[in-house]
Structures are given as structure tokens and as C-alpha cells.
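In the two complexes below, subunit A is the common chain; its partner is subunit B in one and subunit C in the other.
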Partner chain A sequence: LKMKPLVFLLLAGVVAYAVANDDDHGCDALTRLKVKSQWTRAYSHGHEREDFAKAVWRAIFAQVPDAKSLFKRVNVDDLDSPEFVAHMLRVLAGLDIVISILDQEDTLKEELDHLEKQHEGRHIPDNYFDAFKTALLHVLPAQLGRCWDRDAWDHCFDFIAKGIKGH
Partner chain B sequence: EWSELAIGQADMMKSLRLLLAALVVVTAVAGDKDKFDRDELIEHLVERTGEVTHKIYEFEQKLDARMDPDRIRRAGSLRHRVEELEDPKCPHHEHSCGGYDHQCISNLFFCDGHVDCRNGEDEKHCTSPLKAGDRFIGDVVFDYCTTRKPEHITLVVESVNTAAFFKGFPKVHVHMEMESHGHDDDDDHHDHDESSLPNDGFYSFGTHELIFQAPEKDGLSLHGEFDGSNFDRFVGDIVTVSSDKPCARFIFHRDHHDDHHDDHHDDHHDDHHDHRDHDDDHRHHKARHHDKHHDDHHVEHHGHN
Partner chain C sequence: MWYLLFVIGLAASTAGLDRKETRMKYIATNQELYLEKLEKELHELEDEFEHLSEDVDDLSIKHLKARVHNLEEEHEHGCKKDEVSCGGDVPQCISKLFFCDGHVDCKNGNDEHDDHCSEAPAHVGSSYTGIATWKSCEALRPHHAVVTITASLRREFFSAAVYVRGILSFEEETKQHAVRTYPLRGFYNFGQRQLLLGPDRGTTPIYAVKCDFNLDDDDNADCYIVNPASREVCAHFQATRY
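Up next, the complex of A and B:
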């Protein structure tokens, strides 16, 4: 008899957690902080940043070669061309903005809406986003070594991608 | 390169030998008068051919001795030790392409399918030194942090998986087997605890490092480093995830015994090492001594980071 309220409380807790989870896909406040700090290390700076970006994009095109057709305008045929290097860095810079404001709900909402509008007309299939995620989830540990949390990235990338895709 | 030259020479030797053989045949067939003289002449020629062939083989053997992969590997290990003592050639997250034309490229670009080094070295050595079924036995050098205080750790490779779109960092799944020695002799019921920890990590072709996650809550994880030439031995550091500093070290040797069972004993290990290095006792100790120096340097090196 004494146990009953406790069981109820536990259940309520589980339900509340599940609801919260559904909202941010497991990318909760603490997880966001973790992603932020790990991103700062991986994203790095200068020449190293260019290499990081290049590794991510090579891994994307190795999965979905057809995606290259979207980037004709930025000289995708030569991945080392200044035009495409600039583009690679631009995209990661966009991701950098989103990740760095993961802990500021309102600003984050604005930015994701903005990115959604930017991507709307381009008809990007969902599997290209998946390829981006897979690439990132492979290059990040290579860059960060042992100190990285796959689940945190899994959840937060999905959350960000959902915001950009709008569904 | 000189090795190509040597191969060219070997080819030349082969054609020369063919020519000699042809000569013998031609001599045997040609003419039929003066049978007696001819037989003597042929005998002489055959003998001479034999001598020349012997000399050719001898020369080929000398060439092979100089191209002996094992010898090149040992020299490479020595070179690596010297390089460890020098200031790093490349910035953090980058690695040297090697050779005489100095170039550093990102670790992320080794074995990724794109040639990034001018000399192409980044795509030339892309066979994983680890494969499913491999076993490495590590002997403790020092241990300031593990709770089990094992004398030996056996690393059993369960699987190695390479993602087709990111080939430079194969994922490695292992089991770490060890016997606990965490307590003093008086406490002997703890002495024979055996553990087998599953552990996930990856290998980096750029740095020849094996990087594992921390398998337990204590935040201790294994970090292995091959010297880039000898893939039968690596220095395995136990590092704390937060500081990245080694607090224990094991020297791992590949276990070449295929018929190996789980019951290894200390004397068995020694046998194993002697066999592997073709060493007598004296040289064996000397090798250990060198290891120690090398390892001390490692601590210092990490300490500055």
C-alpha cells in the first residue's frame, strides 16, 4: 500500500520524460551542451577546419554520388576547387551557427526557420540528409578520438535536420 | 627506386640464364661428326653452365637479402624511435607523408580513396593490421590506476569493419581479457577474478593508433600505438578520458599461436617472446631495456601536451 504513490510518481516521471523526449528527440538541454563543446573541438580552425569539412563532404559524396548534381553551381566536379572549398566551409558555418545556439531556444527557432526557407526550393531528398548525418557521425570520432558521445550527436543531428527539412 | 633497379637486374639474369640453356640445346642438336670431341665439349659446356647458374643464384640471394622485408621493417621501427625523439614534424591532427619530400596532411585523409600526398603514400598502406581472430598479449610496464592491476591483458579482436565511404578508420570490436591482481597475497579470494570486457574503438591509418572507448564507468580507456613498421607489437596506454594522459602502460605482442587456448601462463609468454624475436636471453633483456627507454620518453611526451 505504501508503495503505490511511489510507483505512480515513477510512472509519471517516465511519462514526463517520454513527452519531453518526443519534443526534442532526446536532444535535451544537457545533451545540447555536450554537442556544443564537442563541436567546438572538432570544427577547430584554420587549415584544420578546411580538412574537416573536406573529409565530411568526401564521405557524403562517397555515399550518394548523385547528390553532386545539386552543387554544379559551386564547381563540385573538382572537390579541391576554391569554389567548392568555399561552399563546404559555408555549409559547416551554417551548422556551426545552429549548434552554437542550441541552448537559446528562441534564436534557434528563428535560425532553423531561416534555413528551412533556404532549403525549401531545392528539393533535397531525405536520404541526402541521412548521408550528411552518417558522414558527420564517422568523421567526428576520427577527429575527436575517444571523447565523443555518439548518442548525443545522433539525437541532436536529427533534431536539427528536422528543423531544416520542416518535417 | 633501387628496388626496381634490383628487380630489373634480376630480370636480366633470368634472360641470360634462358640464353645459356638455349645454347646448350643448340650445341646438342648441331652436327653429328666427331662424336667423341663433341661429347667432351658438351660436357664442358654443361659444367660451365652449371657454374654460371650457381653464381647467378648466389647473386640473386645477395639481392634478396638486401630487399628482405623483415630487415626493412626492423630499420623502419628504428627510424620511428628516432622520429619520436625529434620535435613533431607535423601539427596536431596531421601526419607526415614520409619519404624525402616533406608534406603533412590531415589524419582524416589517409586511406580515404583520394590521393592527397604528392608521393601518394597516404593511399599505399591501407591493409588493416588487425583482423578478426587476432590476439595480442600485453605485459604490464607500470600501472597507477587500474583497479584489477593485471599482469597481462589479452586483446582479442572480434571484428573489424570498414565503412565503404570512410575507409581510413576501420571500426574494431574487441574483448579485453584479464585476471585481477588488485589485492595483496593475503587476500587470495580476489586473486583469480577473471574479466572479459567488450570494447569498441577504431584504428587510424594516419597515425597507426588504436583508440577505444572507456568500457567501464571509471573513464579509463585503452590507447594503442603501432610504430608504423612493426605491426606485431604496440604500446598500449591506459588513459583517463578526461586528461588523455597515460596512467598505465602495457606492451602488446601479437600472439602467433593459432592453437592457443585461454589458459596462458607466465612461462608460456616468455617462450613466446623468445621464439618471436629469435633471441637468446641476453638480447632479450636488452630489448626490454630499450622498450623501457622508449616508454619513458612517451610519458614525457604526453606530459607536455
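Up next, the complex of A and C:
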């Protein structure tokens, strides 16, 4: 008899977890904290930040060279040009904002809505987002060198990309 | 009478011819002897030369240069933490993420040079072994430790690193050959020429391995068995490939 409330609690817990899981695709509260701290290490600062950004963008364009057509305005033809370096850093700064508020539900929603509006008219195919994710998921471990959780990033990137894509 | 004189004259002339030939032979023999003597002297000289110490082999010089270079880097704080020197006459540092990625970043192009971009340390089957000396984590006597690469993958779109799987094994005890093994995964970084392996997914994080190929070749590395999170050194071994 004593067991019953415990079993019920356990069940409720499992159901709650399953629901939460369904909502954030495995990017749960603890996973978000993990991603936050690993991002802080990888994002680094100063010149190293620029190098990290460059490595990510090179990996993106190596996968989907056609995506360059979206960035004509920011001098994409020369990846080392100040205009494009500024752009690369701007995009990572946006990602930085999102990641740093992953644990503040309301603010996060506002930011993702804002980013969704920014990207709306640009008609970005889903596979460009996939290329961004693949690039990030390969450069991150090389940048971090240790202690990184691929699954955590996998789940949380999907969650963020979904927010920006709006679907 | 005339006949006799003729015979004597003939004999004398043939004897004269014989003597001439003998003389010629005598001179030739002497010349040969002289040559032999010269040859003998040359051999003696060669023997003496061989007794002198031999020229240093290229690999030793390479290693010595690398060791001096390592000390210089350490002393002068040449490049920042995540940067690597381009080498060459004019010093330049670039990010470790830019080596061997198909894009020339160093002014002298060294970041894409074959010497720097050898994939050998990450080849499947590459095995590095040495005597591990433990300073924490295990109470073991110095025994053999082996790191073997079991799988490797280099992505075209990001080729500055090779993602690898490997196995760390070390002897616990020599008599019964008790050996412990740990599956690892990680990557080889061309820029830093460093093999970093952490615990494989789903395994208990016990050990990680860090190998620096700091002797300017693919066959020697400075390896550490470390704690995967803190990177505190548990054991060290000077590894050679076999």
C-alpha cells in the first residue's frame, strides 16, 4: 500500500519527462545548461573567436557552395574580407544570444520569434540549416578538444533551428 | 767455322731478346707491387677513418632540432594557446583550425604543406607504445601501454582534424599478462599535431589520452594518460610507432 503513491509519482514523472521531451526534442533544462557552458568555452574571445567563426563558415560553404548566393551583399566572394568577417561574427553573435538565454524560456521565445522574422523573407532551404549544424558539430569538438556532448548539441541545435525556421 | 760463329751469334741474339723481356717483366712486376703497396696504405687509411665516429643520421638531427624548437616555443610563448606557428623564416601564428583545410592561411603556405598534413598518426592500425610510468590514479609499476587507432574519418568539408576511434590498453601485471583496455574516441589535429582521445560514448569516463607528435615525425609521440575531465596526468609514456 505504501508503494502506491511512490509508483504514481514515478509514473507521473515519466509522463512529465516524456511530454517535456516531446516539446523540446531532448534539449531539456540540464542539456541546455551543458550546451551553454560548452559554447562559452568554444566561442572564446578576441582573434580566436574570428578564427572559430571562419572555420565554421568555411565548413558550411564547403558543403553547400550555392549558399554563397545568399551573402552577396556582404562580399562573400572573399571569405577573408572585412565585410564577410563582420558578417560571420554577427551570425555567431546571434547564436550566442540564443544560447545564452536557453535557460530563460520567455526571453528565448521572443528572440527566436525575432530571428524567425529576420530570416522569413530570405527563403533559406532547410538543408542550409543542416549544413550549418553539421559544420558546427564538426568544428566544435576540434575547438573544444575535450568534454563535449554531441547529442546535447544535436538536440539543442535542432530546437534553435526550429525556432528560427518556424517549422 | 762460319757455321759455328753463326750459331753462337743466333744464340746470343735470342739470349739478348730474352734478357730484354725479363727486364720488362721485372719493371712491370715492380709497378704492380708498388700499386699494391699504395692500395695497402689506402686500406690502412680507410681503416683509420672507419674508427672515427660516424656521421649523425638525419633522424637524430631532426629530433634534436624539434626538441630545441619545443623549448624555444615554451620559452618565448611563440603562439597563443589555440594557435600554431607556420614555421619558416618569418614567424607567423595561425589558428589550429586552419591547418590542412585546403585553404592557404600561412604567408609561406606551410599550413598546407605535406610535412604538416601527414595523416599517418591517424591511420587505422597505427599503434603507439611505450613504458607508462604512473604518478597517480593507479598503483602500478612501469609497464607497457599501447594506444591503437581502430577507425578514422576525415570530413571533406572540415579537414583540419581526423576523427578517430582507438583503444588504450596497459599491462596491470607482467607475470599473468593481465591487461586492461578502454575504448576511446577523439581526433587528430593537424595544426597541433596532437592526438586527443576521450572515453567512447556510453562508457564510464575513466581515462583519456593525449599524444603530442612533437619530434617532427610520425613515429614518435609524447603521450599522457589523463583524467578525461580535469586532464590531470595519471601516467606518461614516450611512445613509438610499431
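Going forward, the second predicted complex is superposed on the first by the 152 of 167 C-alpha atoms of A that agree within 3 Å, B and C clash if a C-alpha of one lies under 4 Å from a C-alpha of the other, contacts with A are read in each partner's own complex, and residues count from 1 in each chain.
Basically, a residue touches a chain if its C-beta (ideal position, glycine included) is under 8 Å from a C-beta of that chain, and two chains touch if they have at least 3 such contacts.
The structure displayed is predicted, hence computed values, not measured ones.
Placing subunit B and subunit C on a common subunit A by superposition gives a clash between them.
Of the two partner chains placed around the shared chain by superposition, subunit B and subunit C are both touched by A:Val139. In the superposed pair of complexes, A:Cys147 makes contact with subunit B and with subunit C alike. In the superposed model, A:Asp51 lies in contact with both subunit B and subunit C. Of the two partner chains, neither subunit B nor subunit C is touched by A:Leu115.
Common to the subunit B-facing and subunit C-facing surfaces of subunit A are residues 44, 48, 51-52, 54-55, 58-60, 62-63, 134-135, 138-139, 141-143, 145-147.
Chain contact summary for the complex, subunit A toward subunit C: residues 44, 47-48, 51-52, 54-55, 58-60, 62-63, 134-135, 138-139, 141-143, 145-147, 150.
Residues of subunit B touching subunit A in their complex: 91-94, 105-109, 112-114, 163-166, 168-169, 201-202, 204, 211-214, 221, 223, 239, 241-242, 244. On the side of subunit C, the complex with subunit A involves touching residues 80, 82-83, 94-98, 101, 103, 155-158, 160-161, 163, 187, 189, 196, 198, 201, 208, 228-229, 231.
If you check the complex, the residues on subunit A that touch subunit B are 44, 48, 51-52, 54-55, 58-60, 62-63, 79, 134-135, 138-139, 141-143, 145-147.
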